[in-house]
Structures are given as C-alpha cells and as structure tokens.
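Input: a single structure, listed below in structure tokens.
Here the chain labels run A, B, C and D in written order, and each chain numbers its own residues starting at 1.
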Amino acid sequence: MKKVAIMTSGGDAPGMNACLRAAVRGAVYHGVEIYGIYRGYDGMIEGDIVKMDSHSVSNIIQKGGTILKSARSEEFKTKEGRKKAYEQLKILGIEGLITIGGDGTFTGAKIFFDEFGIPTVGAPGTIDNDLYGTDYTIGFDTAVNTALGAIDKIRDTADSHNRLFFIEVMGRDSGYIAIRSGIGGGAELVMVPETSTSIKEVISTLQEGWARHKTSSIVVVAEGDEEGNAMEIAEKVKKEISQKDVKVSILGHIQRGGSPSAQDRILASRLGLGAIEGLIKGEKNVMAGIINDKLVYTSFEDSITKNKPLNQELIHMVKVLSV
Amino acid sequence: MKKVAIMTSGGDAPGMNACLRAAVRGAVYHGVEIYGIYRGYDGMIEGDIVKMDSHSVSNIIQKGGTILKSARSEEFKTKEGRKKAYEQLKILGIEGLITIGGDGTFTGAKIFFDEFGIPTVGAPGTIDNDLYGTDYTIGFDTAVNTALGAIDKIRDTADSHNRLFFIEVMGRDSGYIAIRSGIGGGAELVMVPETSTSIKEVISTLQEGWARHKTSSIVVVAEGDEEGNAMEIAEKVKKEISQKDVKVSILGHIQRGGSPSAQDRILASRLGLGAIEGLIKGEKNVMAGIINDKLVYTSFEDSITKNKPLNQELIHMVKVLSV
Amino acid sequence: MKKVAIMTSGGDAPGMNACLRAAVRGAVYHGVEIYGIYRGYDGMIEGDIVKMDSHSVSNIIQKGGTILKSARSEEFKTKEGRKKAYEQLKILGIEGLITIGGDGTFTGAKIFFDEFGIPTVGAPGTIDNDLYGTDYTIGFDTAVNTALGAIDKIRDTADSHNRLFFIEVMGRDSGYIAIRSGIGGGAELVMVPETSTSIKEVISTLQEGWARHKTSSIVVVAEGDEEGNAMEIAEKVKKEISQKDVKVSILGHIQRGGSPSAQDRILASRLGLGAIEGLIKGEKNVMAGIINDKLVYTSFEDSITKNKPLNQELIHMVKVLSV
Amino acid sequence: MKKVAIMTSGGDAPGMNACLRAAVRGAVYHGVEIYGIYRGYDGMIEGDIVKMDSHSVSNIIQKGGTILKSARSEEFKTKEGRKKAYEQLKILGIEGLITIGGDGTFTGAKIFFDEFGIPTVGAPGTIDNDLYGTDYTIGFDTAVNTALGAIDKIRDTADSHNRLFFIEVMGRDSGYIAIRSGIGGGAELVMVPETSTSIKEVISTLQEGWARHKTSSIVVVAEGDEEGNAMEIAEKVKKEISQKDVKVSILGHIQRGGSPSAQDRILASRLGLGAIEGLIKGEKNVMAGIINDKLVYTSFEDSITKNKPLNQELIHMVKVLSV
C-alpha cells in the first residue's frame, strides 16, 4: 500500500478531525502517501483531492467539525457518479481508501468496493452510536455531554419555576444519546424508540412523582420515539395535565459540534490509526471499531445491517433513580 | 430598618442566587434581620416566608436558578391578593422589601408600594437586559455566553456542510442578546427588533457573502424581530434560495440557566449589597443598578417605562466584520 | 438486609455524589433503610450518622465533591478506633456498609470486615483509575477532561510564543490521567511511571520535533514519574537546551473537582446501584466495578493488590501521533 | 492611509485574534491594504510580514492565542534593531502600524514613533488589565472566568475535606484578576498588592470564620502580593495554624489561553476596528480603549505611566460577603 485517500462524509461528528489526524500521521509514520478528499463522495467525483502531510493536520485534534468538509452526495448513488469517482482515484494511483462517517457512508463504500475493488476501511464517525461493530462511535460521548450540559442548564430554570420540561435530543432511530443524557441529567423519564411508553404511562409516572412532592420534572425524548417528537408528546400531555406549566426544548444542532471530549479524541485517534494500519495489513471492506477496549474490524455489511441493542440495565435505572 | 424580606420573581436568571447571597450577608453584616419569600408574590400572599442567615446562602454563588424559587403571580395582580400579601408582611413586622426580577416584578412592586408604603428596592434580574437604570442586568452576560457557546458549536457543523443556519436567541422585544452573541459568533447578519431588515436585504447580504466565496453562513435572530421568529424567517428565505441547505436552531431555555459568569456574580453581588444598603439608607420605590461602574438608584417607574437603546455602533460592526 | 450505611472516604472524586444518590435511591426502591456517615471513618467513629431518604440526594447528581464529606482517618487505623466505629453501627442496627473511595478506603474496609463481619461492598471513587476490578473508576473521565481542558488552554499560549511546556497531572503512581490527557492534548511526549524515559530521550525527541519545524511543544508528566515531577524534569532539560523558552504548569487540585462528566455520572449511578443491590443479594468484602460493560464484584484484597496495567497501545500512539 | 501593518506582542491574551480580525476586516472595508507581522517586533526586524485579507482571519474570532504569534524582542530594544525594523516597513511602503499588546509593546511603539514617525495606534491586549486608558483590556474577562472556573473546582475538594486553600492567580503587580475571581469564587480573603494584609490579619480572619463554623476556606492570592506568592504565604500561615490541612494551587498559564469570552470578543472587535479607523482618521502614538462604553484614544505615554486604581468597593465587598 503506497498511496491512500481519506474522506469524511455524512452528518459531521466531533472527533472526525482527530480521526483524520491520526490516519494522516499514521500514514506518514509508515511511509504511505495520503490524500485528503474534500466534501465526501461529491469531492471524490469532482477530483477535489489534495496531498496531505503531518503539518496538514496540526492543531486540529481539539476542533469539532471536519477540515475536509462533508456532504451527502446524490450523484454517488448513481453508477455514473461512482465511475467518475473511481476514475479520479485511478488518476492519482490511489490504492486504498479510508472513509470516516456513518451508515450512509459505509453503504456507499460497500457498493463502491464491490464495483471497483479498492480496499476500503471505515471509521465510525456519527453522534448516534447506532453502528454495529464498535461499542462507541466517534462523536457520541461529546454529544451526550453537550446534551447533558444543556439539560443541567434547563434544570436550573425548571426548578425555579416548578415546571415540566420535555427535552428533545438527537439519535435518529436510536435512544443512545437520550438514555445517557437522561440518566446523567436526573430525568424523571426517558422516551426512546427501543421501548414503548404510552402517553398514559408518561402521565402516571409524572403524577406519582408530584405525589412524592417533586415539584419540577424533566422528560428526555429521543427524536425518533414512537409517540412522536418532544413537541408532539408535550401537546398530548398538556391536554391531560392542565395545571402544570409545560415547556419544550429541542436541543438541535449544538449536539453535532463543539470540541471533542477526551474519550472522543482518544477513540478517534485509535480508530484513525486502526484504519490506516488495517489498510496496510490488507483489511478491506470493513469498519474499524473498538469492542471491549480492543481494535476489531467488522464488515461494512454487518456494521450497517446488524443491530446494537440498547443496554436494558440503563433503561431500568431511570425508573429506580427517579424514585 | 430592623427587618426586611427578599424575593426573586419573574423569569429566572443566572446570578439571582449570588444577588440573594449578597443581600442576606449584607443584612447580617449590618445587623438587620432578613426573611426569604418563596415563589415570588405567590409566596408572599401565602406567607411562605422563612428567616435567613449567613449559612442559608452558603455555596450558592455559583448556582444558576434561585433557591427561593420564582413564579409569575396572577393573584398579586388583584387588590385582594396584594392586601393578603401585605398582611403577611405585617405579621412578621417586615419594614423593607428587596425584589429581584424584571419589569413584571417592578410593576407589581411599584403598585404595592403606592398602596401600602413598604420601602422597596429592586435588583434587575433578567437575561433580557431591557431595564432602564443599569448598563447590564443580572444574568445577561451569562445568557450571551451560553448563546455564544451554542453558536460556536453550530458553526462547526455549518462549516462542515456549507449550510445556512438561522439561530434564534431570547430577548423578548430587545436585540441585546442577539447583537452580542451575533458579533461574538461571527454572524453574517443579526436580526433585531430595534432595526428593520427585510427578507430582501437578508437574501442580498447572504448572496454577496456567497459571491465572496463564503460557504457557510450564520444568521442570528432575536425572538422578537419584526420579520418573525427564526423558523418563519427561514421559511421565507428558503422560498427564494432553493439551492442552499437551510437549518434552524432555537436555543431556548438553556439561555436561562447555568452557572453565572464572573461578570454576573460580581454585578449580582454589588446589586444585592446595593439593595440592602439602599434600604438601610432610606431608599424606596427604586431599582439598584450599575451605570458606568457606579451604583445608582432609579425609580421603578423609570426603569419600566424608559427605553435603553441598543448601541448602534454594535449594529454597524456586524456589517463591517462580515466583509 | 434491612438497614445499611454509606460513606465517602479518601481523596474526593467527581461522581461520588452521583454514586451516593444511586445507592440511596436504590435502597429506597428496594425498601431498605439507609444512613449516611459523614467524613468517612472519622464520622463512623464519632457516630456522625444521619438517616437518608430520596429527598436527601435530590439535585446532587451534577455536583462535584461529596455531600457526606470525606476524610483520611488516623484513628481508624487503630484497633480501638475500629471498635468504637463498630459500636456506633451496632447502636443503629446497621447490617451492611457501602464504602465509596480508593484503596485506602478498601484497605480499612477489608480489615473492618475481617474483625467485625459487617457485609461491605465498595464503589471505586478516585480520579487515579488505579484500582483493579473495574475498567474505570468514578471521577477518572472528569479528571482527564479537566486536565485536557487545561492543556488546550496552555497550548494557545505555547503556540503563540514557541515555548516548551512541561505540564504535570495527577495520578499518584500511575500514568492513566497523563496518557489520556497527553494523547488528547496532542502532547509531543508523555512521561509516566509505567515506562522509563530518560532525560536524554526527552531531549532527543524534542529536538527531532524541532528539526521537523515544530515550534512549540507540550510534554505531559505524571506526578509519579521516575525522573521526578514536572519542575524537576524541566530543570534537568533546561540545562541541556538553553535556547528554548521552558515553562512548567502544575495542574493541581482542579483535577479533583468540578461537575462530573456524563460518563462519570452513569458509571457512578451503575456502581451505586450495584453496591446496594450487591449487599441485598449477599455480596460482602468486595468492590463493585464495571468490566467490559458488565457489573462485577472483586474482593477488596484483589482490588488493592492486583495491578491494572496501562494499555501499551496508548503509549505507542503518542509516538506515532507526534510524527 | 493606504497601507498599514499589524502585530501582536508581549504576553498573549484571549481575544487577540478577534482584535486582529476586526482590524483586518475594517481595513478591507475601508479599502486599506493590511499586512500582518509575525512574532511581534522580532518579525518586524526580520521582515517576516505577509499581506492579509478578509479570508486570512476567517474562523479565528473564537480562538485563544494569536495566529501572528508573539514574542518579547531583545533586539528591538536597540537602536540598530529598530532601524532594521523601520527599513522593513519602508520597503513595503507601510504608512501606519497597529500594535496589539501590553505596556512592553507600547513602550517600544512610543520610542519607535518618536524615532521614525510612523503613525501607530495600539490596542490593549493583556490579561492583567493594568493599562490606563481603558476600563478593561482584551483577555481580562476570559482570564477572570478561567480563574473562577478553577476556583469553583477547587472549592468542591476544599469542602469535601474541610481544607484551607491558597490559590494563586496572575496579574503581575495588580490585583484585578484576584479581586474579581475571589469575589466570584466566594473567597474568605483576597490578597492583592494594592492593599496591605499582614499574616496576622490573614490568620485572625480565618479563625473568625472557623469560629462561625465555616469548615473550608479559600484565600485568593495575586502573584504580586507584598507578603509573597501563594506558596510563601501558605508556609507562613501553616506555622501558626498547625491543625488545619493547608493546600496551595498555582493556576498558572491556563489563565493566558482558551476561547475568549463574549465580552472579550466584543471588546476586541470594537478596539480592532477602533485602531484601524483611528489610523485612517489621523490618530497616532495612542492606544484605543473603551471607557464608559465609549471609544477613546489615550497617548502611549499615559497608558504606560498613569495608574488605574482598583475599585475599593470591591475590596470592601470581600469582607462583607464572607460574613
């Protein structure tokens, strides 16, 4: 492996820069040339690719976002688009590819590998933590801490006014961010897609709390919950509980940015290094991940299709801790 | 002045606890008994009042929210309600009152003073900074820094994806938080109620930026802007600019909480001390404030009715700095 | 198990309050009475013990420090001291004990159990992460993030002035905090007790960096490194490299405090619950820990005497990443 | 004024980048060419100067440190050094100079102006806030908040262990940072060079606090205090109070870095703009500052020599608030 290229794609996540930095420096360390592709698959198609060295990634370990930018490419979904992309890589003599992103990125990477055979190793960069093959994804710990910081601030105002707050966090179809920020934020209740909580149960849980003299309450809602988003759930609840002051807060895109936490910088560095060293050792069509503190490689197929269930112990904890 | 009472009321703001602490310790220092009223005017009406001492306010200087809680009282708006409140104060022999809050609090305080004559000194506790009689209100600096922190995080993701973001901040009818967090966050444009910016101007400003090769843009919108809130403005803009990825983020209640900044802890301490020392010196029906670094007292009437204009220099700065 | 007591002891760590909260609420949930002992073993000896309920631990999950206070008891090291302590527990009818602390705490707990047989389950509360029987200790993640935040700030000034900075972090005899904050902070070199790095190697590593045009450098030093502390190492290096501006920063006690991170709040909650549920299920003379995401119980003996080696992969990473 | 140059010099301060950004964009806005000088006066002597435009300062408003780097130049103190520097500016046709720094920077600027007559406007960039001609200097608010954050963390551990902590903050010969972070951190006592506090007074103040049942205490010490630094003061106190656990923490260089606060970004932007617009309007040999919210220009001579006294009201507050 003498020449590789690297890109960041899909939703951005804090730690992508740290991952990029580790892959680039790992390449330099092992004497491999490395090129950075701007704006994900769109940049690959357009040939928006530059040579990188140690200095290209100086001082980015603490930065959120990604210096290579990111995009969700429509053109790459077509055969012609992918052919163009392959031509660009061939021109430069690229022999291996590192893709940092989520399942959209890996879906594209898998198809691209099947069609053109360029060895590809991925690194899981997404705040949702919903990729199989790694205990945690790059950006997850930071997003949880960001959500938690916001919940801590909202609690101040909920407590001052004896309010009921519904706080919506990201996660697409998973409750990972919700369950951890909910437990950490002392939430009364956490509503996630992985479990079914009816509006009836929400109201009775809250009323039991008020009967025990709790004055303010926080309910954390994962954006993909089956009862709807925070706004919809709050509306349904308000109809039944007219006497309480009910507010909604949608944390939104602050969860995607910010300086990565210690855990994310280290995870990202391990995976960036794992990706380049994996390519060098002959890995292909796989995603690098850390499971039980060990570096492992999982097929793109499995990482996208297999399910990584939510720890049920955590769901049970919310109930006990809000007694 | 031998016995006074203190309360926090209206929307809560970071620093209210620091203000309360300074007033209580100032009272102890001067040998005056001080009672804390829970939940604002509602607590006054119900007699939910406890004696406080130095120890009651230990370790609260860094806490957001208010340990005395807050409320917006409907009953206090009635003559009967205010009579009940007065009776409660008379029972305890309260000779003076300190009210920490915003203009709603001072409106009530003024009427109460006119009716019953209990000397009252207020301290401006509100994140909106829209009270005349003080350069800054308690909670404003913290709210601006909170909004700024959120904008910094959103910028990471805006830059990664070349997006246009509309970020809504609080402020009721003023643009104070918007203009400062907008400048600090490097916003392309800041939309505030104090100036008129049409959708046409918004679009042309953004397009000029894109012509100068800016890829991502941030527009900060004060919730009271005349063109609508961030969601409404984003909708109007999307109709004209179809090619850009447009997102909206409503920062919401995180702006009301959190540990107060250094500036807010010091301002709150000066004003809490200024309030109790003002009462002792014979001030009444006034709000304590800091103007040009000096403690001043302004009538409740003026603090509520007079206008504190936005610094036009700051509005001009947004334009120059986004060149 | 009808009555248990809980205490925090040794050096304090962020997350101890969250652990206490989970144990108390777990006890309430399971119908077990729980008493809080102030100031560790000293409070046990003095009978400084109070009954606790759900409300006793409201709003403490986000607080650093410990509401039960902590102490390092000299008297408990004596047979008489421990006898007095036992008498106090007998008076109250305490049948089980939860001790949150480090190896000093567990050493005492083990001896106490051997002498008097009160079932005891410990939870690892220490920022050093040097306890066998758990992947991470409560307070570790927060301390690493605190050290990292400080390193990020120091880097700003190091880069502005092309300086060489030696930054000392805590850890007693282990390099856990150093290696993680070092990698996360982009350190040139990390000096830990677990590996031997001579001053000669320090200087040649730095000089290679300067030859590659690095202008500023950061070296993280664990307080227990064999070459000495940061001040001593800096002195030795200054003698050889006269032309460079060398500074030292000892991060100190900020690493012990602050609001616990998301990871610490969740770990602490799992272990607090694991401790009380362990006692109820008949565990004794053990420490609750999380290994590979599973709750496990390890004898106090093993937790104190067995070694938990530093991940060598991390040490190798520092070298590759500073290429 | 068609061509100007700008530099950052002396100790670095958070906000220097924001100031640079505003000056550069102000220059572009007014059609003036602007050049950036690296490493202060050393870079001026070496001709390490590059042309800057709007894009050069993108995304730096939130960064600590300075992208132009800084240095304390020995060579500029010599006549030959300054002649070389002048020659470099002449080659490029530089007609005006903006110097961001502290009194060392302005001392050099004043002499340079007297010798060669290039109009120079300075902007006060230093965390010490000891420059006359401006209420606050760029970097001060951030440094105070950084010190305050550290004190908050140390308080957690002080309270857990009933300790006495001496915390040393920066400030050179002034007590600005100490008094504000001390008040904000609820310190028992603040020792600053501007007032004389004997060890006897320190001990009696602390003992009065312990008599009132305070268990932990925090004393903030400005590095320039007349009784010595924190370590020396702690030693003197330990001799008299043997029973108390006494610790020292020297906050050090974290106070120089980090992302600038909202206040610093706005102050820096106003002063950067004020500097370039001042040059354009004919100002020379002056420092731009903000006094009572208005932009003013003060001679370098006055800014360096005149004294800006500490607000005595703040010193009195420490005493009242720790009652």
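Heads up, the rule we're going with is that a residue touches a chain if its C-beta (ideal position, glycine included) is under 8 Å from a C-beta of that chain, and two chains touch if they have at least 3 such contacts.
All values reported here derive from a predicted model rather than from experimental measurement.
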Common touching chains of chain B and chain A: none
Between chain B and chain D, the fewest steps along chains that touch one another: 1
Longest centre-to-centre distance from chain A, chain (CA-based): D
Euclidean distance of C-alpha centroids - chain A vs chain C, Å: 28
Whole-Å gap separating chain B and chain C, where each centre is the average of the chain's CA atoms: 39
Cα-centroid distance, chain C relative to chain D, in whole angstrom: 35
Residues within chain B bordering two or more other chains: 152, 155, 159
Those chain pairs that satisfy the touch definition: A-B, A-C, B-D, C-D
Partner chain A, residues of chain B touching it in the complex: 8, 12, 14, 16, 39, 63-66, 69-71, 146, 150, 152-157, 159-162, 165, 247, 249-254, 256-258
Chain D residues touching chain B - in the complex, by the definition given at the top: 21-22, 25-26, 28-29, 54-55, 59, 61-62, 135, 141, 144-145, 148, 152, 155, 159, 180-181, 183-186, 212-213, 259, 261-263, 265-266, 269-270, 273, 292-293, 295, 311, 313-314, 317, 320-323
